[in-house]
Every structure is written in C-alpha cells, then in structure tokens.
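As structure tokens, here come the structures.
The two complexes that follow have subunit A in common; it is paired with subunit B in the first and with subunit C in the second.
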Partner chain A sequence: MQKRTQNIFVRRTVFAAAATFLGTVFALPLVWFIFAPFNARAELGLAIPSPFTLSNFATVFENTFAMQALLNSLIQAAGGVVLVGAAATLAAYALSRSPIPGKGAVTYILLLFSSVVSGSAAMVPIFLIISAAGLIDTHLAVILVFAGGLLPTAMFILRDFIDAIPRSYEESAMVAGASPLQAFFDVALPVIRPGIVVVVVWAFVNIWGSFLIPFILLRSDKLMPASVAIYSFYSEAGTPIVTLLAAYSLIYSLPVIALYLFVNWKFGFRFFGGIKS
Partner chain B sequence: MASVEFQNVSKSFGAFVAVPDISFQIADGEFICLLGPSGCGKTTSLRMIAGLETPTSGRVMIGGRDVTYLHPKDRGISMVFQDYALYPHMNIADNIAYPLKVRGEQETKRHARAKEVADVLKIGDLLKRLPSQISGGQQQRTSLARALVYPSEVYLFDEPLSNLDAKLRLEARGFLNHLQRDMGMTAVYVTHDQAEAMALATRIAVMDKGRIVQFAPPIEIYRRPATTFVANFVGNPPMNLVAVEASIGEGALHLSADGLQVAPIELNDAIAKAAKAGKMTLGVRPEHLRVAGPTDHNILSGELFANENMGPESLVTLERGDNGRVTARIFTDDEIKVGTSVHLAFDARHVTLFDDSGARIPAAGER
Partner chain C sequence: MKKFSLLSTRAGALFLAPATALVGVFVIIPFFWVIFVSFTNRTLLGRTAVDPDFVGLQNYFALFNPATFFTRGQFGFSLILTIQFVLLSALIGQALLGLLLAWLSQSVTPTLKSFLQTAVIAAWILPEVVIGFAWFAFLDYDNGTLNMILRGLGLPPGDWLLQQPFWVIVFFNTWRGAAFSMMLFNSAFQSIPPSYFQAADVAGATSWQKLRDIALPLIRGHVVTDLILITMWTFNVFTPFLLTHGGPSYRTEILSIYTYRIAFKDFEFGKGAAVGVVIMLINLAFALVYLRIAHKKPVEAE
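== the complex of A and B ==
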C-alpha cells in the first residue's frame, strides 16, 4: 500500500519536472520577446532590462520606412481580408444552397490548387501574370494574389459552416415575405457571421505575416509591408540590430493580438451556427 | 382566406419521384391535414404550396390565381416550420414582427402588433428574450405568432407539434383547434400523427407513396377507411386486419380463418364480386371488441400476448398463432392472465371488409 503511494508520488514528480522543462523551453523566446524591446543593451541572451527604457521604440519610430511599412501591411491585409471575406461568403453561400451539379468537386479542386497558387512554386507564373497586367509594384497586386490564394480555403471553411445551418431560416424569411436578398442579409448573414469572423481573422493573420509575395511583387520602399521592412533593422554586414528588431517585432505583432482580443470579446470564436446553446 | 388547388402536380428529385401525380381542391376556410408515413410526399406537397419547391409538372392555384412559379413572398401565405426556424440573433419581438418589417411597417407599429399577438399566445412577457433563452413550447408559440402576425390567404403547418413533449403537444393542439374555429382560416397541416389529424382537420388527405389514398372528413376516414393502408394508419391502436378465406354459400358470405368464427354475412353485388377472388381482409376496430359471452356469434380467439392497463381501459393483445396479433380496447376491470386463451366478440355491423387488393367493399345497405 505504502509502496504504491510512493510510486504515484515519483511518477507525478517526474511528470511535473518534464512538463516544467518543456514549458520553459517554449516560454523563453516569448519572455525574451517581451523583455528585449525595453532593454537598451539587448542581445540574443535573456536579460531583465535595467534600466527599463523606451529608447528602442523612439529610434524605431524615427525610421519612416519602417513606420510606412506598418501602414502598408494594414492596407494590404485589410484589402485582402475584405475581398476574401466578401467573395468567400457569397461563393460559399451559393455552393451550399444552390443545386449546382458537381459543386463538391469544384470546391475540392480549388482547394487543391490554392496551396499551389500562393506557394513559392507558382511564383514565376504569378510574377508574369501580374507583370502582364501592369500591376507590378502596386498594393492591388499583393491584395489580388493573396485573395486568390486564400479564397478556396476560406470558401471551404465557410461552406461547411453554412451547410450546418438549417435552410429553414431563409425559407421562413421568404415565406414571411422577404425577397431572397432580404432573406440573405436579414437572416442568413447574421447567422453565418461567426464563420465569417473566423475566416477574416485567419486571412488577416496569413497576409500580415507573409513575406515572399510582397517581396517579389513590390519594388519601391514606399509600398513594402512590415514583414519585408523588418530587414531594415539589419546592419549592412547582415547582422541584426537586436534592440531595434525586438522593438519593431513587438509593434508588428500588436495588431494581430489586438484583432484576436477584439474578435473574441465581440463575437467569440465558434465553428457552428444554429440556436442550440 | 382563399382556396387552394393542385392540378396534376408532380415532383421529382432527380430520378426519385416524390409525388407522381396529385390533384385536389381545398375550399376557402377548410383545415386540411396531409397525413401519412414519412416519405409519403406530404411535406413536398406542402412546400409546393409554399413555393419552396417548384413542381416538375402541373399547376398550383391559390385563390384561383396560378402561383406555380411565383416566389414564396408573393403567394400570400404564412408557414410554421417543424424546427420553428426562429432567427437566433433577433429577440422574440423582432422574430414575431419580422414579416411586418419586410412589408415596410414602422418599428413602433410592428412591435405593438407583435405584442398583441404574443399576448394572445401567452408569450407577451418574453419579448425581450432571445430564442435560445426560452423553452421549446415557447419557441413553438413564437413561430406560431410569427405566422399569425399578418393576415394570410393560407396558413401552412409542417409538423409544428412534433418537437414538443406529449403534454405540451396536447395543449398546443387544443389551442390550434380553438384558433381554427375562431378565425376560420384556410390551413394545410402536415402530420404523421393520426390523432392530430383527427382532432384538427375538417378533412384529412391520407397519403401513401406520393398519392392521396383517401380525402375525406375525419369521421368518414375512421368509419369507412378506403383501403387497408388507411385502416392501419388511422386509429390508436389502428384497426385490426385479419386475412380470411371467402366463399359464397346459401346466399351469404362465409369467412374462415384460424381462431375466427363469423356468422354468415349478407350479400350484395360488391361482396359477391369480391368473394370470387377467394381472399378478403376482415377489419374490426379495437374499441369494437369485447370479452366474448355465451351468446356471441362473431368471435376472434387467441392467446393473451400483452395486457396494458391505460387507466380507463386496457389494451389487450392476442397472439393468433402465425396469423398475427389482434388488439382490443377493453373497458372492464376483468383480470386476464398472460398465456391463457381469450375469446373476443364483435358485432356484424362493426365489420369492415376489404377485397383482395386491399380496397374497402361497401357493406350491404350502402350505396
């Protein structure tokens, strides 16, 4: 009996030690990420800032290229999100509700190719297409390519979401006197909204963090997004200026965190519609 | 209020024929129940009246107007759905008032009207709640209120009570019955519950495999079921059907089967014709069976299979060897033991005969 309790004690201790070790390994970079921006002498090693300073941020804010880049990121992400959100909602609704033959196959094929479109394998044809369209070095080019790449997956997620919502919502609206358009905007859209929110957040994060596509499609410094601009905090020799890089990274990640918090507070993340609570 | 008419309507979904060819007329002010097992085409028919399905062929008329290809909103109908279809993001007041909103009614006016209807349905104090915050019975009444908030030509019900528990269902049924007598509304009501159809309808259309088998007032359906299908579907428990050998002798019909004694039955032309096939089905309702006494001539015998006490009556089920079971509603307190053999008697006037194909044979004295 006593041996058994001892055995459990040992096992729990080992488990707790292993978990602590793993947790620490994952937490260290995050702790660095929070401390380093406020340390005037930050290096790659972890150190508690002393004195605690905002001088890194001051320097970063003086870098107009980097600040403009944050705005560019916002323009490209917002543009892409609006396009993906609107187009995916309408397309997914049509694919879910109308009796188009072969609609399942269409969605799957699109999904399959989407991983190619925004992937690096298709970079050359994408560049040629954008070049032929005369869109090289424009926000629009980045927005369109991202929209094209993200749409199929967004449609797929949303179609599943809409499939789970009973048709009787719209049917009851139409029987009550609503036109199909009214039924969509008054009844279907609010019910689908949690799904749209998921897709919007996902698309935003994708575009916000992406490097390759804007790097290839854009030329001028005025249009580069933050993911590219982050390289301006490297010295000419190619070594990172850790203090500024840390401060800029923190600023760069704040919009994403803010978006998550806002969406969670306003809508809450969920994947299924209907009135069952 | 308006009449409804189906003219040779059919509906197929790909290769599946849901409704082969159906025609009927519903007069202004009638409460019609479409009754049948699941998959019999009753809901498809209702949805074609609503405009949620378009017929493959034929015409649908409401109030003498051809509405076959009209959008639901232009048909002057309202409908209650089986799952209620309440909008989860709107409160009860907005749910009820939605039909007025799409008609461009002012907010204060439509909320006043919603309150009026909600008060009648006793949900007036729930108007600020969301659908997820009220009970199933209250959700059902909300969907009913939404259908009643504006005047319609025809009211459509798609199994509106089937998601309620037994007690609430009885209450809601009584309320609908009262409403129908109060408003004189034209209504088409889909159900698979024969008791609901009997209680509510002015006429019942019994459907099987996309066809209307019998379209008649409830009491007619109950007393003179057109086929063995109707007989077996209506009544709780349904009519007992006993396969019998038929022969004619000495100017009367003689029926025989194991465990069955029947006095010779008076002949008419129809019976004489049907008897030629040699096979018939004898139908007798459970409430027309009683424990046999010494003077009875018409007797069904078997071993007692189950004896369910329902309070005022007992449901006594006999096992007739390999010939199926017979259920009787017995209104006495006599204790009958399982496994003993039991003799049940019935009167000749309560017998319904069906021919070889399952169609009812008119009794002597009928047209």
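== the complex of A and C ==
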C-alpha cells in the first residue's frame, strides 16, 4: 500500500513538472510582450523596464494614423458583426421554425461551401467581385466579405441553439394572440440572446484580428485597420520601431483579451470559442 | 392536433433572404468564379485585365509542368512543402500536443491547470499580426528571448528565421493552434464517466494505460473530428506570411502564400485562380469526409 502512495506521489510530481514546463514554453514567446510596452528603451530582447513608463503609449496616442487605424478596425468589425448577427439570427430562426423544404440540405451545402471556399482559395475571385462592384478600398468591402464568409458558421451555431429551445414558448404566445413577428421579437429573441452574444463575440474577434482580407482589399492609409497599419511602424531602413509596435500591439490586443475574459466569465470558455474560421 | 407552423414559408424565405444574398455573393459566386478565371489569362493590369482571353487548361499545365514542378518557388515545391507543413504542425504537432495538454490538465492542481490553459489559449486568441511580431522578437538573433535562453544554457544560438525557416513555421503553427485540440480533447475527456477511471485506479492502471485503453477508444470520434478540422485550417492558413513572407528564397512558401504572390505580386490572376481551384478541391475532399462523419455522429453517440 505504501508503494502505491509513493507511486501516486511520483506521478503527480511528474505531471506537475510536465505541465509547468509546457505552460512555460507556451508563455515564453509572449513574455517579452508583458514588459516591452512599458519600457521606453525596449528592444527585441527581454528586459525588465527600469523605470516602468507609459511613454510608449503616449507616443501611440499622439500618432493620428495609429489611432485612425484602431477606429477603422472598430468600424469594420462592428459593421461585420451587426450584419452577421442580424442576418444569422433571422436565417437560423427560419431554418429552425419555418416549414421551408430542403432545410437540411441548405445547412449541409452552406457548411460545405464555407469550408471549401477559404480565404486563400478565394482571394482572387473576392478581389475581382469587389473590383467589379467598385468597392475596392472601402470599409464596406471588408464588412461584406467578412459577413459572407462568417455567416454559414454563425447560422450553424445559432440554429443548434434555437433548435434546443422548445417551440411551446412561441406557440403559447401565438395561442394568446401574438403574431408570428411578435412571437419572434418578444418571445424567441430574448431566449436566443446568449447564442447571439456568442456569435457576435466570435465574429468580432475574427474580423478584428484578420490580416489577409483588408490587406488585399484596401489601398489607402486612412482606411487601414490596425492589423495592416501596424506594418507602418517600421523605420525607413525596414527595422521595426519596437517601442511603438509593442505598445500598439498591446492596445490592439486588449479588446480580444477583454472579450475572452467576458465569454469565460459569462459562459465558461468551453466550446463556443472552439469554433474558429 | 395538427402542428401549426410558427413561421409561414413566405416569412421564412424573407428571414433567409439577407443571409442568402451575402453568402451567395461572397461565398458561392467566388467558388464558381475562381473556376472560370482559372481558364483565362486574366491579369491585374494591362489589356488582359479588362479583356482576358480564354486559355483552356494552360494555367493548369503551367502549374503541373514536370520540368519546373519541383523547383523552389514553383507550385509543386509549394504543394509538397504545404503537405509537410500540415503533417508536422497539425497532425503531429497540434493534435499530439493538444492531447497531451488536455490529459495533463485532467490530473494537475487547479492553479497549475489554469496557468497551463491560459498560456496555451493566449497563443491562440491574440491577433495574428501581434503573434507574428512577438515571434519575430522571440527569434531575433542578437537579443531574442530564445537565443538568450540558449546562451544561458551554454548552447549555440541560431539565426532561426534564416537557418531553419521551415521548422520555425512548423513550431510556430503548432504553438499557435494547439489550443483548439486541447479544448476539444478537454471536453471529450470530461464526457467520460469518472467511474471508468476510478475502476482502473483500483486495478492499479498507470496513467498511460488509462489513456490508451479507456480514454482514447471512447473519444475516437473527437479525435477524427479534430484531425480533419486542424488539417483543413492548417492547409489554408496564411499566418506564417506575417513571420517569414514566404521566404527566405521561397523556403516557407506554403500554398496560401504562393497564391498570394502569384495573384497579387506577379498579378497573374488566371494562374492564381488555378492554384485556388486546386486548394478548393483538396478542401472539398476533407470537407466531404468530415461532413460524412459529423452526420453519423448521433448514431455513434448512442
């Protein structure tokens, strides 16, 4: 029996050591990011700032181009999120509740297309369609392309969610005299809301962080989102201006971190976040 | 009692309209358009930009030309590189590491578990440009954290982005994406009744035996799902571009970066579209397998 206890102890220690090691390995490339933004003389090396300073942030805030880029990211992400949230909710509700024939096939085909038509495969036709529509170099181009690309998955998540809600909720409302629209807006929508929040957060994080689509669809500096604008923080010799980049990267990451913490707190980060385009 | 419908067919169609329009224009049409463009010599500039000629399979012949197929910077080289990249960073790296991380998370203290999960998930949720820059700093020859550690351990430092660019993107993608597999396996492990493991404990089974003989057979469906999804994502990922731009001398030019270069640097849209079609065909094969399995799942779960 004693040997057994010893074994368990050894095993626990080995597991704890392995977990500590792996956690550290995963954290290492990011440790630099914890310090560099607060170091006025930050370089690519890891160094504890002395003194801790916010001067890098002050420089970023004074840089109108950098701030404009954050605003652009916000415009594009918010626009995309509104479109995805609204269109996906309506569509998922119809797929779940209306007697439209071939609903199963629609879901299947949507999933198939959305996984086949990836950004890397479709960058040429997406560019051509946006060109043909005369939308190159507009916020709308980025918003529409993301809305189209994210919708299938968003509809799929929401449909699962709505299917899980008993129909009797809306049925009793309609028996009591509500119109289908009232049943949708006043009864179903409040119950679906957590699902919509999940989809909206997921879409926001995707658009906010993406690089390729705005990179190929936008030209002018004043429309660039932060993900593309960040490349302007290089000196003319091509070396990065580390102090600015570090502080800016941190500011740019904050919404994503905040949303992650929010979802984690509200829903538990189990598997909602697991779906990523 | 007749089940009355909550939404008439017409209202349903109306509800579906905005989503249908958006998906139609930005997902379905590109699918067919890319096939069409791949049969033309369309370019970004010049006469063929407005009035491209139909060139048949010429773009495909250029891609699969045996004389240059394996040359660096050509399609075949990029395709093979991508397959190696997927095998090493997704199937071996992310899946195995994710499994290990999830298994470790089951058996360590809550504090250690949250440290481990936070580190792994942070790598996954932060925006890709930020991650790209963090790795650029991490790998810097003179001051980077990695070489600092190597020097501290008495090992020779390396200029990894120049010397081993392919292995850099393999490790980079493994690090970046392991969180998904970890979370999927986490929830898979939690679906196994604890009594199975308790019974094995009583019988004196080791952790490895429990993983091999109890956990893995029960989560087989999750493993297959995970492998297919991460394969598809890794196959299409563009993030390594932010670290290496496909270089040096095309050594990290996976297919997504190759497409970008052909279409938007060399402005050969026709050829770029042909690459896109090949990528879509490969995606289609994976997606069909995945949907077939996903559809079967409810039966399997019984």
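List of remarks:
Keep this in mind: the second predicted complex is superposed on the first by the 241 of 277 C-alpha atoms of A that agree within 3 Å, B and C clash if a C-alpha of one lies under 4 Å from a C-alpha of the other, contacts with A are read in each partner's own complex, and residues count from 1 in each chain.
Please note the rule applied: a contact is a pair of C-beta atoms (placed from the backbone, for glycine too) under 8 Å apart; a residue touches a chain by one contact, two chains touch by 3 or more.
What you are looking at is a predicted structure, and each value in this text was computed from that prediction instead of being measured.
By the touch criterion stated above, A:Pro190 is placed in contact with subunit B alone, subunit C being left untouched.
Touch criterion met: A:Gln182 reaches subunit B, while subunit C stays clear of it.
Using the contact criterion defined above for the overlaid structures, shared-chain residue A:Pro166 touches subunit B, although it does not reach subunit C.
Put subunit B and subunit C next to each other and count what each touches on subunit A; the higher total goes to C.
Touch criterion met: A:Met174 reaches subunit B and subunit C at once.
When both complexes are aligned on chain A by C-alpha atoms, subunit A residues 171, 174, 180, 273-274, 276 touch subunit B in the first and subunit C in the second. Listed in rising order, the residues of subunit C touching subunit A in the complex are 4-9, 11-16, 18-20, 22-23, 25-31, 33-34, 37, 42, 97, 100-101, 104-105, 107-109, 112-113, 115-116, 119-123, 125-131, 133-138, 140, 142-146, 148-149, 175, 178, 180, 183-184, 187, 204, 206-207, 232-233, 236-239, 242, 255-256, 259-260, 263-264, 269, 272-273, 276-277, 279-280, 283-284, 286-288, 290-291. Chain contact summary for the complex, subunit A toward subunit C: residues 4, 11-12, 15-16, 18-20, 22-24, 26-33, 36, 43-46, 83, 86-88, 90-91, 93-95, 97-100, 108, 110-129, 144-145, 147-149, 151-152, 155, 167, 170-171, 174, 180-181, 183-184, 205, 208-212, 216, 227-228, 230-231, 240, 242, 245, 249, 252-253, 256-257, 260, 269-271, 273-274, 276. Every residue of subunit B that touches subunit A in the complex is listed here, in rising order: 50-52, 71-73, 77-79, 81-83, 85-89, 98-99, 101-103, 131-132, 143, 146, 150, 156.
Considering their complex, residues 166, 168-169, 171-180, 182, 186-187, 190-191, 273-277 of subunit A touch subunit B.
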